[in-house]
Each structure stands twice: as structure tokens, then as C-alpha cells.
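Below you'll find a set of structures to go through.
Here come two complexes built around chain A, the first alongside chain B, the second alongside chain C.
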Partner chain A sequence: MAFDVFRLLAIARKELLQLRRDVRSLILAFLLPLLLLALFGYAISWDVSDIRTAVLDQDRSATSRAFVDAYRASGYFSVRQDLERSSEIDALLTRGSVQMVLVIPPDFSERLGANRPVAVQALVDGSDANTATIALAYARAITRDYALETQLQGRLLQPPITTDSRVWYNEELLSRNMIVPGLIAVIMMIVAAMLTSLTIAREWERGTMEQLAATPVTRSEVVLGKLLPYVVIGLIDVVMCAVLGVWLFDVPLRGSVLLLMTLSTAYIIGSLGLGIFISAAARSQLLATQLAMLTTFLPAFLLSGFMYAIDVLPKGLQMVTYLVPARYFLVVTRGIFLKGVGADVLRVQGLLMIAFAIIGIALAIHFFRKELRT
Partner chain B sequence: MTQAVPAVVAESLTRVFGDFVAVDRVSFEVATGEIFGFLGPNGAGKTTTIKMLAGLLLPSSGRGSVAGFDIATQSDEIKRNIGYMSQLFSLYGDLTVAENIAFFSGMYSLPRLRRAERRDWALEVAGLAGQADRITRDLPLGFKQRLALGCAVLHEPSVLFLDEPTSGVDPLSRRRFWELIDTLTEAGTTVFVSTHYMEEAEYCDRLALMNRGKLIALDTPARLRANVREPLLELQTNDGPKTVEALRDLPGVLEAAMFGRAVHVAVTDRTRAERSIRSRLTERGLLLQSLQEVAPSLEDTFVAEVRAAGGAPVD
Partner chain C sequence: MRAFSAARIWEMVRKEFLQLRRNPLLLRLLLVSPIIQLVLFGYAVSTDVHNATTFVVDQSNTQESRQLLEAMTASGYFRISGGSADPADMVSALDHGAALVGVAIPPDFAPQLHRPGGARVQILVDGTNSNSATVALGYAERIVQNFGAQLAITTPLGIDLRERAWFNPNLASRDYNVPAVIGSIILMVCLLMTSLAIVREREIGTLEQLMVSPLQPLELIAGKLLPFALIGLLDILAVTLVALAWFKVPLVGNFVVVLSGSVLFLLSALGIGLLVSAVSATQQEAFMTSFLLFMPLILLSGFMFPVTSMPELFHWLTLLNPLRHFLEIVRAVFLKGAGFDDLWRQFLALSLMGPALLWLAAGTFRKTAG
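Right, the complex of A and B next:
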């Protein structure tokens, strides 16, 4: 069984011709990545700022106003309402018109003046656990700083230990700096799912696979020939996302573009191989699409650390993430984009990407049956 | 390949799907240059047999060879030496005529120099000269099928397998298709064709009748017809289906079946049967317009062979 590069290229050429005439595929290949990028880049953000806040100031003193100003000045809280009575709180939080209510007790300034401890109350809407947790942490920090300042009263006292913190890599802690590199991993999985559901199943459905099976073309020529155009598309998508990410969203790209493209190539080859393997195993178009979504797209989305940090997942799922190639690829993209790391740091991930590519292709060729079953 | 080796050999070829025996110990030989027809209703095992011979399906047991190559172990060599056209129209509908031809030239690794020549030939035989840039999907079915045939023989194979190539095509296109097949056999190609059109079977040098996975007869069309010994009567009445119904269980009648508008009745003895047929029709209030003895057609032959094999045709 001789391997013939020209047959492979003939398959690739045919795929490109078909793709060029198929609007549905073109949209999936080029518009969907842009759409996802716009959606995640603009609309979705895990950054918590301007938390809608109401204040019930029962003290109504200069001190209590200064305390509330400290919240305002932080930028994390946007104080929208001053409340008169505690009975108003319940309705506000229930309706969701505010996310936090700060309650200052009547003896706030008096106790502070007397140097006695005083407690302020922060009521948080916990139905959005993520925001609630962050709001509480900010509230604690602001209150602590304020308390410290009050205690010192302008005196310069050097505490024995201070934290001089600085955030590296994503200095402003912007979530889109994490999203854009991560999105590349997700988008490539979608391209892979597209290949499986559209091109392989279509050949079975229309009977062309049978015609192909009757020619001398080999399995590896068909599989690699079909892969080739989609690898190119995947890489175009990577470039598109990177360029838009850098220009539009100011995401830093600090590392080597060459390294990024090399490892992206390996990753997309693996994803495509996986997709072909799934569709070959499933055969029916519907089943193939669903299986591809379930086994490639969703894990890349949910279990790679893109959507949720792996540390916060349940233990069982954390084990599963080790099997998700996107998990390692995310380290690659975030590393190259944000940290500017090189091949030395990404050695393990790089080798895993290459292994993934080889395994993906091997699975695809092995399970892609040219022979018919019926 | 020498002339002495038959183009196609099947020996006790069998294919089982689960409990279902699709092809049951089928044996035959096809000589080089022959048009060999496979006749039988849907589900008779024709397609399965062809797929085994074309190297698309492994036999469960038995053996076979095509162009001198073993179907179980040398399917790669077979694929280089055969053309195959399946039941389903199977060119790429979203490619142009020329793109389809170029694609299959690539699949058969045609030398660059011969591609243009073969492309022009394929366009010519498909009747599509000057229309190379049309999208294949938009062509009438008859043109599509001739183009598919052209694409299947770009590499000038010695054996050509056609699995019900003309299903759904109008009679005129069907005749053009067969003229094309004739051109190919004149050039020495062996053609193995399955059909359920009886009229098409007449074009074949030899015919194999298949039913329920078994080969029930194999001979030239003329001799198959001569095998039908029972007299055959052709009846014209005012209601064909009711006539078949009325005569089916009549003593002396072996078989009654619709044949176009007429009814064909196979009988044991002409004189006695004629009398009982007339009285039965009068009894049922059916009007007999004509009754005559006719020579059996291939369809009658098929029905008779199935009866002789002790079964009913599947459909």
C-alpha cells in the first residue's frame, strides 16, 4: 500500500473547493471565532467592580461618612442609595437592585472615638456566589485599612511585617487577558468538531465515501488530506484571534509567535484527529456531532481551566481534567501571551501537544474504515 | 493478466450479517470482455456480491478473484484494476464537472500527461463537452450517471462493476448509457452489471438470476427463456389485478402475474387450462378480451426459475 502525496493533495484540494462553496462551513470556520471573541472580549467578564451598594448609616456623623467614602474611593463599590430604615434592606436585596448593603451602627463614631471595637455589617446577595465572595473580600480589606488608619491617627507606625504585593503577568487582573489566550484553545476544538460533523459524515451520507472506498486511495491519504485544509483554517483562526486580542483588547503577547504557532499546529492536529476518530466510530452524522461536542468542545470549555479554575472543581472532575488536552494547551497560550515563556518552560506541555497530535492521527487512521459495513 | 484467467471468479462466495445470509454460496465465472448481468429483486444479494468482488466487503466464507487478484488478500490491486459505480449517485454534487473528473484522476493517480486527454474523453461520453464548469448537482440525472461512469473508468480498468447504474433514469438516457457500456466492452473491458430492469438484462451476454441470496440460474438470455417449458398464456381483461386474484388458485395454473397491462399465466396444459380460465373469469364477472400463447420474456423466466427453486421472490 504505497503512500501517494498527490492523492493526499487531491483530497485536500477537493475539501477546499467544497468548503469554499459551503456557506455554513465558512461561517463556522471564520465568523464563529470572531463572534466568540467579541462575546467573551466585550460581554463576559469575571472582573468584579462597581458592586451596586446601598448604605444604611445609622450614625450619620462625619466619621461614618468618611468610612463610606473609603468604599466609594476604592472603585469596587458604587454606592447608589442611602437607606433610612433597616426594613428597606430586604426588598432591595430580593429585587437585586443592589448586591450589597452596608449597615453602620448608631454608635459607630462614638465607639471609634472611645477607641472601643465596633462592628459594621455587610449584607451580601449570595445568589451569585462568585461576586459575593469577591465583594466580601474587598469589604473586609477596605474596613481593615480604614480601621488601621483610624488607630494610627496620622502617626507613623511601622508594622513589623507589611505585604508589598505586585501582580505579575496580568498586572491589572483583567479577566480578558486570560480569556483571549484561552479562547484559542476552545475555538480550535470547535473547528475540529465542524470537520467531523460536516465533512466525514457528509461523505457517508451522500454515498461518496463508497465511491472513494472503491478507488486505490488509502486511509491515511484520506485522513491526512482531509486534515490539511482544516489545520490551515485552525491556524488562520489562531492568528485572527491573536491579532484581534492584541489590537482590540490590548492583551499582551510577550512570547514567541513561532512557538505559539508550532504548538497550536500540534494541538489542532490532535483535536482534528480526535474528531475524525469520533465520527468514524459513530458513523451517523447526528451522533457524531453530539459526541464531538461532548468529548471535545465541552471539556475544552469547562474542564480546561478556561471557564473555571481547576482548583475549584470537585476532586473527581479534577482528575478528569488531566485527560483534557486543552488543559495543557491553555498553559501554553497563557504562558506565551502573558508570561512570555519559552520552550524551556513549556517543555512538558509542548511534548504533550506533540504526543496528542500523534495519538490523534493514529486513532483517526486506525478507526477510519474505508471498507463498508453493510 | 492472460486471456486464460477469467476476469471474475466466485467460488461458494458467502456473506452473513448477523443471522441473515445475504449471499449464500454463490459460484460463477465471468470471461474477459463479457457483459455479465446480475438480475434479481431488491434484497436478493446482488449489491453485497458486487461489494465483495470490488474489495469493499470481506466474504464470510468462500473465495473469489477479480482480474487475477484475490478478493480477500489483494483488494488494493483489485481497486487499481477495476472501475466501480454504486447504486447511489456518488460524484461530488458541489464540485463542477471538471473538478470531479480532476479529483478522480487524482484518486487513480493518472499520469499528468494523460489527464487532459482522459478528461476530454469523459466529457465527450457524458455528453458534457463545453459544460465542464457546471456544478454537478444541477445536471439532469442521465448526464450525472454517464459522468459517474466516465469518472469510474478514467484509469481504463479491465473490469467494470456497475451496481444498478440506471435506477431512476428515463428509458432514453438508459439506452444512451448502454451504448456507452457497449463502447467500453468493444475496447475489451469486462462489465459486471446488476439491474432489476428486465429490458436491460437483454443487453447482457450472460445472466445470473439471484433470489434470496442464492444463484438460481445462469445462462444466456435466450437459453434462459428457452428453459421455460410450461405454456405461457397472455390474457387481456377489463381488470388485470382482479384477474390475477381470480386465477391464482385455479387448478392447472402454476403462476399468474401482471405483465404490463396484460396478465401472464403459466399453465400445465394449455387446452384444459384455457377452458377453466374462461369459466372462472365468467364466474367472477370479468371480461376476457383476448387470450393467446406467447414466448416467455426474461421476467417470466425469472418467475419460473424462482418457482422451480421452490420459493417466492423477495420484495
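Right, the complex of A and C next:
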């Protein structure tokens, strides 16, 4: 039987009709991207501010108060408590009611006035290492600036080296600029792989797939026809994320929209193929969901560089990331959104996306046949 | 009505485990999945920066400039991944993502060091990953400044900030994240698995058979939930063992506190799972609903993102999230050695939420099942 586009479209139409009845899948497909965008855009960030701080000021002089005010004025620290005794510190940090305690020694103003060095203690709750590292960096900078100011007393400083630092592509270092383009890669994985692995596992569990196989259509027509509606859903999601990202969260879209859509399509097709492969391997919905979570969602979330840099991973896990398609797609979305680079720079990733799509379709068609034979 | 019978519940639990044994792949997954999650979260969830790829344009090419670069690589934060005399190559390296940081040292670097005005060093950072960029930029500036300070014979700064990180002196983010995986695993097992397993029986029609058996509705629910509670507890033990033996995470406090918290948290997670199964007709619906709940529960728990960095509104919302309270317990016990007296608020919140959710779920379940 020759390949017939009309039969393919008929299958796609049947799939679409079925999908329309399946309200919760549609909710997941369209609400989840919105939910994730809202959470990542509004609720979540690593930007550390308002670090809950207590001060044990043993000096109680105008100088020590000015020093504490410098912390307050920075906006990074919110000084909540004035301690009387050092014995109070332990309970405060253990309970987590403050994150940092600043201890100013009794001779603070005296030594500083006499130009003698003085030690101030910053005790930080290190259990959340990320926040603690950032808090200490702020404390260090504020202390240095304050010390410089008192020492120089208006004189001009002549540092031997000045750094001229610039941040490219995301000039203000906003985490949402990093998250939104990456989120597209993660959402696609969820929608494409998880949705299909489930809907198709269901058809197999219920036996409706055999009915489909008994109709006069070829295998590739069935597979491609089944994929088509999900490709459309995926592309709608990409557009939705991009529009909301640019419009609500001011994420720059500097590169070519056409290139973004082309490579997104390839990525979606590959993910869909992966979904069919999973459902064929799992046969049951319960197992398919767990497998889909482990093989598509978690790697796309954690091993793609979406939130956490790949360089920091141990060598073994770094090797694994080369097998995660989201890793390459993330370079594409961030490259197009933030760097504004084109096909010349993204050549390798682009070819990999197309390869992923071809492998995905091949896997899908191959395993589709195998499942029907048994 | 007959009395609540432990024997009948036990029979039900036995039946569940027999059924589970028939699905070896699922059983294996239930044990392997926590370990995979542990490895992923243990290694991947880290915003530490080390060995950041650095592209160097050293136009000075003097002893001084090499010393500066040496200082950067010696810190362990930077690894020189490429170099050239042409600044255009640096631009291309950043564009391609071949380097995260670019350092450009101008030709007049060495002589300018000793002249008024000083030398200038350009540092470029790829900001697409805003986290790594912030941290890397901070390190780079500090290293260059320290290098300059060593050259200039000036008096040291008047205030010396003595930093001490309590509970985690090395500031290892792993010690913070690994224990928290316990929470995400309980949630995964109890929420996703429970809801799917119950709805599966409904889809196949075996739930009706159970309904007409002499089991009372509450016994049925208890019998359905207990196996997953047991699997959840087993997973907790497995995760704790791996965390201690492999990741060498310290357990400062008493594990009994963690276990008590886990049991309370299990109630909440099972309650949510049961609630989802009560409002879902098919496994697919159950999964979609669970997943839609799972994401916000994880993201708004402080698992990966500190609660303190969230805006006020979300900050309040997290108080309704049982996972948030449970993670505070787990982390405080593992790292700080906190006890019941330090954590009574979290325990109170969990002991209110768990029974309330279960009660609500059982009520809804009986209505929709009948």
C-alpha cells in the first residue's frame, strides 16, 4: 500500500477527536506550561535578599550602629533581632529563625578609631550552602566597603587593578531570562513524551490499538497520524511560552523565530517518538508514567543545564548528559532567545535535533510494529 | 455495622503485595527510582562553581599577566579552556558556549600596574545561566582584587570579617539536598503511585468486587494505602543508608525524629493521593492530576529554591504545603541535630494536615466510589 497523506490526516483527525474528549490531558498540555511559567516567573528565584539577621553588638557605639546600618541599607540583610548574650545564638540558628548572626566585639569603635585592625564575626547557617555562600559574599563586600570608607575618610583610592566586568546576553543576571527559554525544553519533554506514552499505553491496554491496526492503513501512516496532533499541541505550547515570556517577563527574543520553530518541531517529533517507545516497552500505564518520569522528565529537568550547570557534575554523569536531548535543545533556545545567534553557531545542535527527530520516528515505527505482532 | 477489623485489613494488604509481586518491573522501579533520584539530586542540584571554562586573551603576555591567570586557575574556580591574541575569538567562544568566562588582559597591563590609574582587566561572563554567572563573576573579581592588593603595599583593611558557617562548615550543597530527596520520594510514591494504583482497580472493575466483599469502606482504604506507606518507609530507609554510606551526609540529630516526621508526612501524601484517585475515573486522569499537583508541591517546598527568596504571597502559600514542613524537619535533624523541641511547629502543622487531608479524601472517596 502506498503512503497516502489523506489516510494520515484521517488518523490525525480521529486522534484529535479523541483528544478533545480527554479534558485532563488537554489541561495538562496547556495549563502545565502556564503553571510552570507562573511559578518560575513569579515565585521562584535564587536571588538572595532579606537575609534574616540578628546582631550581637557588644560595643553599642555610634560607630557600631553605623556599621550595622550599612548592612541594613544594602537591602540584602534584614536585621530582625538585637541580641544581649552570645548564648542566644545557638538556639536562633538551630531553629532557623535567623540565617546570619553578626557579632561586633566590645572594642570595635575604639580599635577602628585608633586605626588598629578589628575582627567582626559573621556566623551563618550553612545548611543551605547556596544561600549561605551568597550571604557571606554580600557580608564581605559590605564590610570591605565600610572599612575602606572609614580608612580613606574622603581620600581617593588608587587600586592597582580595576576590573571592567561585563555580563553578556543576560546583562542584569535575571534568573527568569535563564529559566524561560530553558522551560520550553522541559515543558516539551513533559507534554510530548509523557502525554504520548500515556495515551498510547492506554490504547494498548484497552485493545483499541489492534482495531486501528486492522484498518487499511500503513504503519507509518498510523504512527505519523498519531503524532501530528501532538506536534501541533507542542508547537502551540512553544508559541505560548515564547509570547508570555517576552510579553510578561520581558525575556529578550533576539534571534530568528523561524529557526526556533523549525528546531522546536524537530525536538518535539523526537520526544514524541521517545514517548511511543516508552509506552511500547512498558505496556501498562502505571509503568509508563514511572518510566517516562525517570527517562524524560527528570533528565530534562536536572541533566540538561536547565537550572544547574553541567560542568559541576561528576564525570560519569557528565557523560550521561550527552544522551539527554534537552541538553542540546537548551543551547538552541538560550542561543536564539538570549544570544541572538543563528544557524551558523547552532549548526551542531540543529543537526542533532534533526537526528533526534529521525531516530524518534524510526523508534516509534519500529516498536509500533513489534507491539502489534506479539 | 461490624467493628473495624485488623485481620481484614491485613488480608487486603497481603493481596496488594501479591499483586505487586506479579509486576516485577514495577517492583524493581519502586526500589531503583529512589536511588536514581538520589544520585541525580545529590550530584546535579548544586549551584557551586568550579572549573568554569575560561577563554583568555592575554595581549600583555608578561610575567605579571601570567601570574594573574595562574592565580585564577589555582583557585580551582576557573579552568582555561582556550586562548588567543584576538579578542574576536573570545566573542566567538562565548557565542558558541565554549567558554563561560572571558578574561582580556590589555598590552599595557604590566607597566600600568605601577602607574597611577592602575591597570585594567576585562572580565566577560556569559549570563545565560544567571546562577553560575553571578557566582563566577564574584570569584573572578575577588581574585583580581586580591592579586592587586598583594602588589600594592598598602595597609590591610581595618575590619577583618571572620566567617563561620555553622552546621555545614564546608558549605557543601549536597549535605542540604540529599536528605531532602526523602521528601520528594515519599511524595512520588504516595501521591503518584497510590492514586494510579487505586484508579487502576476502578478502571479494570476490580474495585467494585472489593466493594461487595465484606470489607468496610474504611478498611478498604486502609488496606489500599498501607502497602504504599510501607514501601514509602522502606524507600526512606534505603535513601538514608545511601545518603550516609555513599554521599557521607552527616546525621547529627536523632533518626527517630526523622521517622516520626516521615510517618506524619506520609499521612498527608497518602491523603492527597487518595483525594486524586477519588476525583479521577481513569489512570491517565489520575496521573495528569497528580503531576499538576506534584510540580507546585515540589517547587514551593524549599526543595530546590529557598522559601525565603519567594515573594510574600508565595511565602504564605508554602505554609499550606506539607512538604515544606517535612523538609524543614529532615534538614534540621540531619544537619543541625534539632529535636522535637526545636521543630514543634513543623510537627504541629503536619499532624494537623495529615489527618485533615485523609479525612477529606476518605469522605470524597466514599462518595465517588458509592
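Just so it is clear, the second predicted complex is superposed on the first by the 363 of 374 C-alpha atoms of A that agree within 3 Å, B and C clash if a C-alpha of one lies under 4 Å from a C-alpha of the other, contacts with A are read in each partner's own complex, and residues count from 1 in each chain.
Following the convention adopted for this analysis, a residue touches a chain if its C-beta (ideal position, glycine included) is under 8 Å from a C-beta of that chain, and two chains touch if they have at least 3 such contacts.
Only a predicted model underlies this, so the values are computations on that prediction, with no experimental measurement involved.
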Clash or fit (per the criteria above) of chain B with chain C on chain A: fit
Per-residue contact with chain A, leading partner among chain C and chain B: C
Chain B versus chain C as contact partner of A:D311, first or second or both or neither: second
Touching partner for A:L148 - first (chain B), second (chain C), both, neither: second
Which of chain B and chain C A:T215 touches, first, second, both or neither: first
Chain B versus chain C as contact partner of A:S109, first or second or both or neither: neither
Touched partner set for A:D22, first chain B, second chain C, both or neither: both
Smallest distance from any CA atom of chain C to any CA atom of chain B, in Å, after fitting: 14
Residues on chain A lying within both footprints (that of chain B and that of chain C): 22
Interfacial residue positions of chain A with respect to chain B in the complex: 1, 4, 6-7, 9-11, 13-14, 17-18, 21-22, 206-208, 210-217, 371-372, 374
Parts of chain C lying in touch with chain A, wherever the complex brings them together: 23, 25-26, 29, 33, 36-37, 39-41, 43-53, 94-97, 100, 113-114, 116-135, 137-138, 140-141, 144-145, 147-149, 151-152, 155-169, 171-173, 175-176, 188, 192-193, 196-197, 200, 280, 282-285, 287-289, 291-292, 295-296, 299-300, 304-306, 308-311, 314, 328, 331-332, 335-338, 342
Of all residues in chain B, those that touch chain A in their complex: 17, 51, 54-58, 76, 79-80, 82, 84-95, 99, 102-104, 106-109, 152
Of all residues in chain A, those that touch chain C in their complex: 22, 24-25, 27-28, 31-32, 35-36, 39-40, 42-52, 67, 91, 93-96, 99, 112, 115-134, 136-137, 139-140, 143-144, 146-148, 150-151, 158-171, 173-175, 177-178, 190, 194, 198-199, 202, 282, 284-287, 289-291, 293-294, 298-299, 302-303, 305, 307-309, 311-314, 317, 331, 334-335, 338-339, 341, 345
